[in-house]
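Provided herewith is a single structure, encoded as structure tokens, for subsequent inquiry.
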Amino acid sequence: MSSLAHESTKPEGVFEQFETLDQQQDTYMIGMWAFLVTEVMFFGVLFLAYAVYRWKYQSIFYEVHNELDLLKGGINTVILLTSSLTMALAVRFAQLNDKRGQLRMLGATLCGAFGFLVVKSLEYSAKFQHHHFPGPDFRWEDPTVPASVAQLFFSLYFAATGLHGVHVIIGILVISSLAILVARDHPLVKGDYIPTEMIGLYWHFVDLVWIFLFPLFYLIPK
Amino acid sequence: MWNFPIAPPQASNFASEFDALFGLLTFLTIFFTAVVGLVVLFFVTKFRRGRTANRSAPVNDHLKLELVWTIIPTLLGLAVFVWGAKLYIQMRTPPKDAYEVFVIGKQWMWHVQHPNGVRENNELHVPIGVPVRLTMISQDVIHGFYIPAFRIQYHVVPGRYTTQWFTPSKEGKYPLFCTILCGTQHSEMGGYVYALPQPKFSAWLANGGNRFQKPALTLGDQGKQLFDKLACTNCHGTQDTLRGPSLAGLYGKTRRFTDGSSVVVDESYLRESIINPYNRITQGYEKTMPVYLYKKQVSEENIRQLIEHIKSLGQPAAPTVAQQLESMAVRPAASSANR
Amino acid sequence: MAYSTPHEPASFHAEHVTPVATLLKAYAALITLMVITIATALAPHYVASEFFNSQIGSVFNNLVAMTIAVVKALIVLLIFMGLRNGSKTVRLYAVMGFVWFLLMFIVFADYGTRQWEPVRGWEPIAPGSMPRQRGSSEPDIERTPAPPPLSTIPGP
Amino acid sequence: MNATAQTHAHEPNYLEAGHSVRSWLLTKDHKRIAILYLISTAIFFFVGGLAAGAIRLELTSPKGMMLSSDTYNKMFTAHGVIMIFFFLLVAVPAVLGNFLIPLMIGARDLAFPRLNLLSWYMYMAGGLFAVLALLLGGVDTGWTFYTPYSSMYSNSQVTLTIVGAFIAGFSSIFTAVNFIATIHKMRAPGMTWFRMPLYCWSHYATSVIIILGTPVIAITLLLVVIERAFKVGIFSPELGGDPILFQHLFWFYSHPAVYIMVLPAMGVISEVIACFSRKRIFGYQFVAFSSVAIAALGFLVWGHHMFISSQSMYQGVVFSFISYLVAVPSAVKIFNWSATMYKGSVWLASPMIYALGFIGLFVLGGLTGLYLAGLATDVHLTGTYFVVAHFHYVMVGGSILAFMAGIHFWWPKMFGRMYNENLAKYNAIVVFIGFNLTFLPQFILGYLGMPRRYHYYYFAPEFQFYHILSTAGSTVLGFGFIVPVFYLLHSLKYGAIAGPNPWGAKGLEWEIASPPPVHNFHTIPIVRQEAYAYDAVAEEQVLDEERERTKVKN
């Protein structure tokens, strides 16, 4: 039995359960992707429920969706796509060991995330004002559109965008803590781009969900 | 306590075939369990640790053997699948002229209505030798309508009609259960099914069922009254008008909608258009129909009455219950069972 | 010191730094596609609806919107998320996630075929084929003197 | 590879690495976390078992014994929720999986030790919510939470329970992510995929099922909570929803969940049978791939829970067809295990007796599944005690017996001491008999038409005989589950020192000291052999020589 790797020969930044940095990085990437698979299925249910009811109430969903604010939705799409770009650039700077660029890009991404939330909250508050939030307070004026189905549409809308919003908030938390670690040269992130890459993957996934949510909720064809 | 049967009574057209299939599966189960059990016991005793046995040249892989025990179970499984599917399709395909009984499930009772208006609660009287079709709907949560002696069971779902059918074959009193957990008194949501010979059944029906009250009106006639009371006739006349399409002869026809889709008019569609008229708008019409509030203005029972009435519109007079029974009795019971 | 097992060469690493130009191109493509989706959705009553009936038009427009969304998703996955350079395992997982997501749509086999069940209620009687009298509330059978008391019905 | 890895005997083992509570609750050591799981699942098992006892006692009379219908409904719901979400889904994967996977593949720990500890805390948090729900009045919806009853009508603690199940679900997702990354990337040099013990294969398949399925149930249950909280109609037909959609989503997860519970159990059986037959497992590749086939096909059969739920007839036929196909890989496993014993040297130690019991019960459980996968037979039998008996044969006869086999097999590895082997053997037989006495009558009950979840059955008092048989059996079974607690705990202090490899088993975990040192392997081993390099002939020769020697002495 030959000894392959003693503790002493381990390079810096390798956790004790791993042998090499390569192995550690690969492991983290696989773990992250496995987690993203979970996220796909997580949102998948909402998309499926949406598809079933859209199929069942095609014309009613068309009429109800006119209540959504296309302009705000569009702005949010642009914001998210842009923040995704800055996140990709942040990963690039991390790979190139450019701390300054990385911090700047992370900051830009954070701005995008906050911007998204601001627009979203404006949108939500309008819905609350019009009593379009599902629940006992729900009101639907148009008597030719069944209120229950309108409420169903808004339940799906709030469930999907709300869950997406929760992901954005989690994104803000992890991106800002990453930025703090990077700024402080914490050993976890110094010289190791994998944490940035993992958080980047998460953020791109958030973007990915919105890419589907936007046309499905805001752009229903008649 | 010491009275324990090992099989439920066979009291419907499905029972004997079901039991045959059940018997086959039981045979296969016992056979394979015995084979595996005996083989394992044999190996355990023969190759028990410390016992002399020929252990040379052990086999660790054997492709042919693997294929054999992959393919044989697959084929056996498929054979059972085909038989089960055949019987299932038969169970899901009621004969066209079955005697129709309407069932409402609610927490925690079964409400049954016969076409001539006779009602019963937690009991069901059915004629022997006549195919009976149950049209079921729930008023609240999901229930399951289950008669073990008939080997039939189907869920009773709110918001949608479900059906099942059977031809009772043996006189008797059999338990009836709810099989989907529906709340506190779930286990008490049951009763008995009485399979009666036809003359007895006709007499029972004619005398107003258990309450010995002759019902004033059939389901369809009750529907007609309601149809007038809710002022449906104002818009739905014998001819299509600007305000509303005629409902005469509607049942079974294809209906086109404003969004381009279409549907063959069935009970579920009629039900939907009574309580949610704006879900789908018939081509050429506007959203002008008033909304009748479910459970407040129209109960589940009312909807059924209206549907029965709408079904009869534009049709030659529906046969009376007695005529229906009579015409079915002429046919040999077997032919109705195997359509 | 190759630690990785023989079946999976460690492959994606810092050497795969995506050039800025690629990222910008991807971004431009994403924005363009977004504009196209909104434009098709806002086009007066949909191009296709003009030519076909509204249902086909709606299907067509859905298809366009979803195709564009899928293309956008692919751009994000391949370029931003770096699947292009990902290891086999990572790609396998990415594909698996979306395939299983699609598997859930098997439920439409249920919703789509519910209408096909063979007999849904009485089939309409062809007019004139069965001349019968409109039923009264009185079933015209012989009046039996007394209904069978329930207790006489035999048990199982 | 030889048994000389014991050279570093002075290294502290993982149990000695700290005795404070803090050293346990903040540990990142996968072995300690496994022990934490073992303790907590055992507690949940006995809570769920108490509920089962109350149910069985209640059913001895057609009119009930002492509980109200409401309490009875809450009892079987508690039994189902606790046993499924907090015992079966966790027992084999998190207890044995945590302990064994790094040891079996030659790693120092799981890939993400912190995440692993977080999983345990999430599991405990979920469990606390469930227990809290129980204390605040309980739930009466059944573990299936069928809508609209759970979302609109039930007045019990549905929300709390669902939150508990939701958190526990994420705990198992994190565990699965951990296992997947570990098995992919942390195998020792030379440990190729096809040299891995089958236990790791089945765990890998299980983890894939968990990451694909668990999020589905999580979000579905979340939708139920939303529906309850805001009274919207996502699954409620009165407000435009479709209750059948809930069932689709529920079973999309919950059918594969059966495989989450049973696949790792099958892995345990593969290990135990190979070891105690002293043979390489028969048809290694077939057994390995059958795990993967079960994991993949398992996602395509959920509709067989819904044949009579008003889903389309056509879809029912297709689902039934695929269900028959998924039965095949399980059958292949059974045949391969049986064939493994051929020309082996079979040692009837207590883990092996449990494993043989598993084979017998799992065959019966699997074959009765064919009744329920068949369309026409399902119409009569679903929703009755036949289903109850069937899944208890698979879950208790399958998973729990395999769990017992695994615990007995690896107990000396976990704690370094042997339990009372004779007592364990007799106990295995008692469990087997008690189990059959409990659940065999339930097949007949189901055929007679006794619906499940029934408190009273006075409409058909002829069921009573079988219920009494079943209750009598459950007493024996309960006894069989309590006795091991005593002799296993007793062994911790008074058991004989086991040594690194008391069973003469092969595999990396048996080459290190028992209990294993903190970092498992002082040097990472290099694997040069296939798994299960047993040699029955050599084993018998050694035995023969020993016998000769004792003869000479006498």
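First chain written, first letter: the chains are A, B, C and D, and each begins at residue 1.
The rule is short, and it goes like this: contacts are C-beta pairs under 8 Å (C-beta built on N, C-alpha and C of every residue); 3 or more make two chains touch, one makes a residue touch a chain.
Bear in mind the structure is a predicted one, so any value in this text is a computation, not a measurement.
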Please state which pair of chains has more C-beta contact pairs than any other pair.
-> B-D
Rounded Å distance between chain A and chain C, as computed from the means of their C-alpha atoms = 23
Approximate Å spacing (C-alpha centroids) for the pair chain C, chain D = 34
Roughly how far is chain A from chain D, going centre to centre by Cα mean, in whole Å?
-> 35
Where chain A touches two or more other chains simultaneously, the residues are 4-5, 19, 23, 26, 30, 34, 37, 41, 44-45, 48, 52, 56-58, 146, 149, 222
Residues of chain D touching 2+ other chains?
-> 184-185, 189, 212, 216, 238, 240, 242, 244-245, 249, 313
Which parts of chain C, given as residue numbers and ranges, touch two or more other chains?
-> 3-4, 54, 58, 89, 96-97, 100, 104, 107, 111, 117
Assign the assembly's chain-to-chain touch graph to one of these shapes: line, ring, star, complete, other.
-> complete
Spell out the residues on chain D that touch chain B in their complex, using ranges where they run on.
-> 69-70, 73, 140-142, 144, 146, 148-149, 152-154, 237-238, 240, 242-244, 277-286, 307-310, 313, 316-317, 320-321, 324-325, 327-328, 331-332, 334-336, 338-339, 341-348, 356, 359-360, 363-364, 367-368, 370-371, 373-380, 382-384, 444, 447-449, 451-457, 459-460, 462, 464-466, 468, 536-537, 539-540, 543, 547
Which residues of chain B touch chain A in the complex?
-> 257-259, 261, 276, 278-281, 287, 291
Touching residues (chain side chain A, partner chain C) in the complex | 4-5, 19-20, 22-23, 25-26, 29-30, 33-34, 36-37, 40-41, 44-45, 47-48, 51-52, 55-56, 58, 70, 74, 77-78, 81-82, 84-85, 87-89, 92, 95-96, 193, 197, 200-201, 204-205, 207-208, 211-212, 214-216, 219, 221-222
Within the complex, chain D is touched by chain C residues 3-8, 89, 96-97, 100, 103-104, 106-107, 109-114, 116-117
Chain C touches which residues of chain D in the complex?
-> 184-185, 187, 189, 191-193, 208, 212, 216, 244-245, 248-249, 252, 299-300, 303, 311-315, 318
